[in-house]
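Let me give you the structure first, and then I'll get to my questions.
Chains here go by letter, A, B, C, D, E and F, matching the order in which they are written, and residues are numbered from 1 within each.
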Amino acid sequence: MPTATVRLVDPNAAGGKVREIFDDIMRTKKLDFVPNFWRALATNPDQLELVWRQLKTLMHPESAGRASKLDPRTREIIALAVSATNGCSYCVNSHTAALRKLGIDTETLGEVLAIAGLFNQTNALADGYQIEPDVLPPLE
Amino acid sequence: MPTATVRLVDPNAAGGKVREIFDDIMRTKKLDFVPNFWRALATNPDQLELVWRQLKTLMHPESAGRASKLDPRTREIIALAVSATNGCSYCVNSHTAALRKLGIDTETLGEVLAIAGLFNQTNALADGYQIEPDVLPPLE
Amino acid sequence: MPTATVRLVDPNAAGGKVREIFDDIMRTKKLDFVPNFWRALATNPDQLELVWRQLKTLMHPESAGRASKLDPRTREIIALAVSATNGCSYCVNSHTAALRKLGIDTETLGEVLAIAGLFNQTNALADGYQIEPDVLPPLE
Amino acid sequence: MPTATVRLVDPNAAGGKVREIFDDIMRTKKLDFVPNFWRALATNPDQLELVWRQLKTLMHPESAGRASKLDPRTREIIALAVSATNGCSYCVNSHTAALRKLGIDTETLGEVLAIAGLFNQTNALADGYQIEPDVLPPLE
Amino acid sequence: MPTATVRLVDPNAAGGKVREIFDDIMRTKKLDFVPNFWRALATNPDQLELVWRQLKTLMHPESAGRASKLDPRTREIIALAVSATNGCSYCVNSHTAALRKLGIDTETLGEVLAIAGLFNQTNALADGYQIEPDVLPPLE
Amino acid sequence: MPTATVRLVDPNAAGGKVREIFDDIMRTKKLDFVPNFWRALATNPDQLELVWRQLKTLMHPESAGRASKLDPRTREIIALAVSATNGCSYCVNSHTAALRKLGIDTETLGEVLAIAGLFNQTNALADGYQIEPDVLPPLE
């Protein structure tokens, strides 16, 4: 029975900077609760602020007043591919839920994971044979 | 000076199944050379066939007579995100080159890597705090 | 309480290609149930087929009409070593069970894990000191 | 001969936000050159800003007007332990250099890496045996 | 419900070398129980001895009659940073508990994890851009 | 051009405990030189001793007066599978060389890497779907 190693901050008891960030998270992500991840980070308010600011800028660029050349689904697909590669269960659950909200169906989800799985395989093979790059990559 | 741990198969000297697969790789990927990765795998022809068949099906579905709900750029973005997460240099070089061929610009490439980097951070945080999933994920 | 992010396919309700592959899995692996892994992959039948074909070829070569120079126990030992390194709990459980079926005792299992653990240590040391290869590896 | 997959931004040609951040990096880190890492990130100025702001806040808290309960050496030791675990060669070189500037001697560096190596071993063992936590961790 | 893949050795039933090591673990670590990790390793007594000897030497140098230039808290911080990076839940729980015993507060714990998270991010970025070292590291 | 972050200890200039261990390494491994890995560890003699003692016990049990139920080739295969999974280039080169000395041919080497690659794929899939164990593993 694994459990968080810190006591999660209670959103109802939070004040000041933490309260503001919790509100911004719920508003930006259109959620009616504060996910456990942010409640854990809130035990260190500086860290909460740093991670949220970065995540908001990269994953919710429209809320951060920034243009992005990637669409929201592609951004969440990257998050899921990374999380599956790292085997982070909280993250896999969270990004799968986000992709479902964005309308991904089970078969497409399977395609994302199949490709992530495939390149975990080829990564191990390329590293296992110590293969050198074919050509210098195109520098711009 | 790291180098491949096997002698790469010379495409000009290859025959039989290996020759056919090399030709299929160049035709499918529109390349005029056989990448080192495939030349290394060809030292074990069974393995070459298995990996190529899977990669062709998932990454070149149109050539494999299969419908995909992901576009080619998204598929390569998954490959790059996984490769950056694993720190596989051959793979990073190869998938960056593929994304360039698909027309990605440096700023968008940076956005992909920024998001991959961000979730490597949040993965470590979620694991480091042992945070439990918020809710049961939506089963379809 | 982590749980699968997709609804597992019910073997009794499966038809067509999925049904055939489920039967092949149980027959090849001498199991009287379909493991959850395959029931999850079956949500994307193409992926189920790709992964099973590859796994059958590499791990059950006799069923795939292929000669292998590795014995079944060595093959499962590789699987366990990789799974322990990646910290994949489903995979560790599954390959430990497979090794038990092949007759491995607890002490030998411990030796496998001890060696896997040792090289996770030396890998971190070699990378932490950025040590260069001693000699060019012997090319055949 | 692996090389960066993007053309590094020339500090002498940089202007605007990039120029300001480059100056802040050199001033904060007391360097007379801009490390390649930042020159690569600068191809995507938004990303450069996000990563630098975060790194400055966490690693140079005094410059960011923030109190830290960890001393500079401990902070760099964490960076090196993570980098050795991930096998990131640029990062290992960079954080080893930073620790040298902070006065660490070779034997202490070895002790850091020995401990990092040890826990890469025990991590693989704990995962390889799928050991459950002993007790609920002390919540504060 | 994941569980250990081996039956944990019962400390009360242990004899000989295992009993001696269990006692040494409890005495050295000032614990009144034998953690599950050591009870699992004890299924292979040689392995138990090897890992304990190494861990005692590195993490409890005073008990091993050895001088260390790192303080106990720094040593545990390295352990936690590595464990968070690898996503090893048993290890994260165990090293968080050890740091609590050493008096770390929640905010400092958060700072450790924030730094570990940050460098998992920069590692992925440095690998994702394939950035080369700036300068040859200073050899002593 | 990455290079070791410490000055490798010159075997000809080594004395005392380091000299003895270097001799034991060359004798046990039947080598006429001291690999760079050990020359780097020797910058911290305690660490050199700890790692060598453990590696000798596990990988050269006959020299350490210990029975092993695994044969030398299986032990090196585990080492290679772990090293390919971690992408540790020094380690891949070293264990490939060791397997060559033990007589492995290129095709069998390919089979080892193919299986390691396959399970890096399935690990990512099992983690990406968060699949739960099928059954409680058989406790002995």
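To be clear about the criterion, a contact is a pair of C-beta atoms (placed from the backbone, for glycine too) under 8 Å apart; a residue touches a chain by one contact, two chains touch by 3 or more.
Fair warning: this is a prediction, and the values are worked out from it, not measured in the lab.
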{"item": "Each chain counted as touching chain A and chain E at once", "value": "B, C, D, F"}
{"item": "Chain labels contacting chain E and also chain F", "value": "A, B, C, D"}
{"item": "Relative to chain F, chain with the most remote C-alpha centre", "value": "A"}
{"item": "Same or different contact residues where chain E meets its copy chain C, judged by the half mark", "value": "different"}
{"item": "Intercentroid distance (Cα basis), chain F paired with chain C, Å", "value": "21"}
{"item": "Chain centre separation in whole Å, for chain F relative to chain D (CA means)", "value": "27"}
{"item": "Residue list for chain E, restricted to those that touch at least two other chains", "value": "2-7, 41, 46, 50-51, 54, 58, 82-83, 85-89, 92-93, 96, 106-107, 111, 113-114, 116-118, 120-125, 127-130, 132-133, 137, 140"}
{"item": "Chain-level touch network, classified as line, ring, star, complete or other", "value": "complete"}
{"item": "Residue ranges of chain B in contact with chain F within the complex", "value": "2, 5-7, 41, 43-44, 46-47, 50-51, 82, 86-88, 137"}
{"item": "Interfacial residue positions of chain E with respect to chain F in the complex", "value": "1-7, 46, 50, 53-54, 57-58, 66, 132-133, 136-137, 139-140"}
{"item": "Partner chain C, residues of chain D touching it in the complex", "value": "80, 83-89, 92-93, 113-114, 116-118, 120-125, 127-130"}
{"item": "Residues of chain B touching chain A in the complex", "value": "2-6, 33, 35-37, 40-41, 51, 54-55, 58-59, 68-70, 74-75, 77-79, 81-83, 85-86, 88-91, 93-97, 100, 105-108, 111-112, 114-116, 118-123, 125-135, 137-138, 140"}
{"item": "Of chain D, residues touching chain F in the complex", "value": "87, 89, 92-93, 96, 106-107, 109-111, 113-114, 117, 124, 130"}
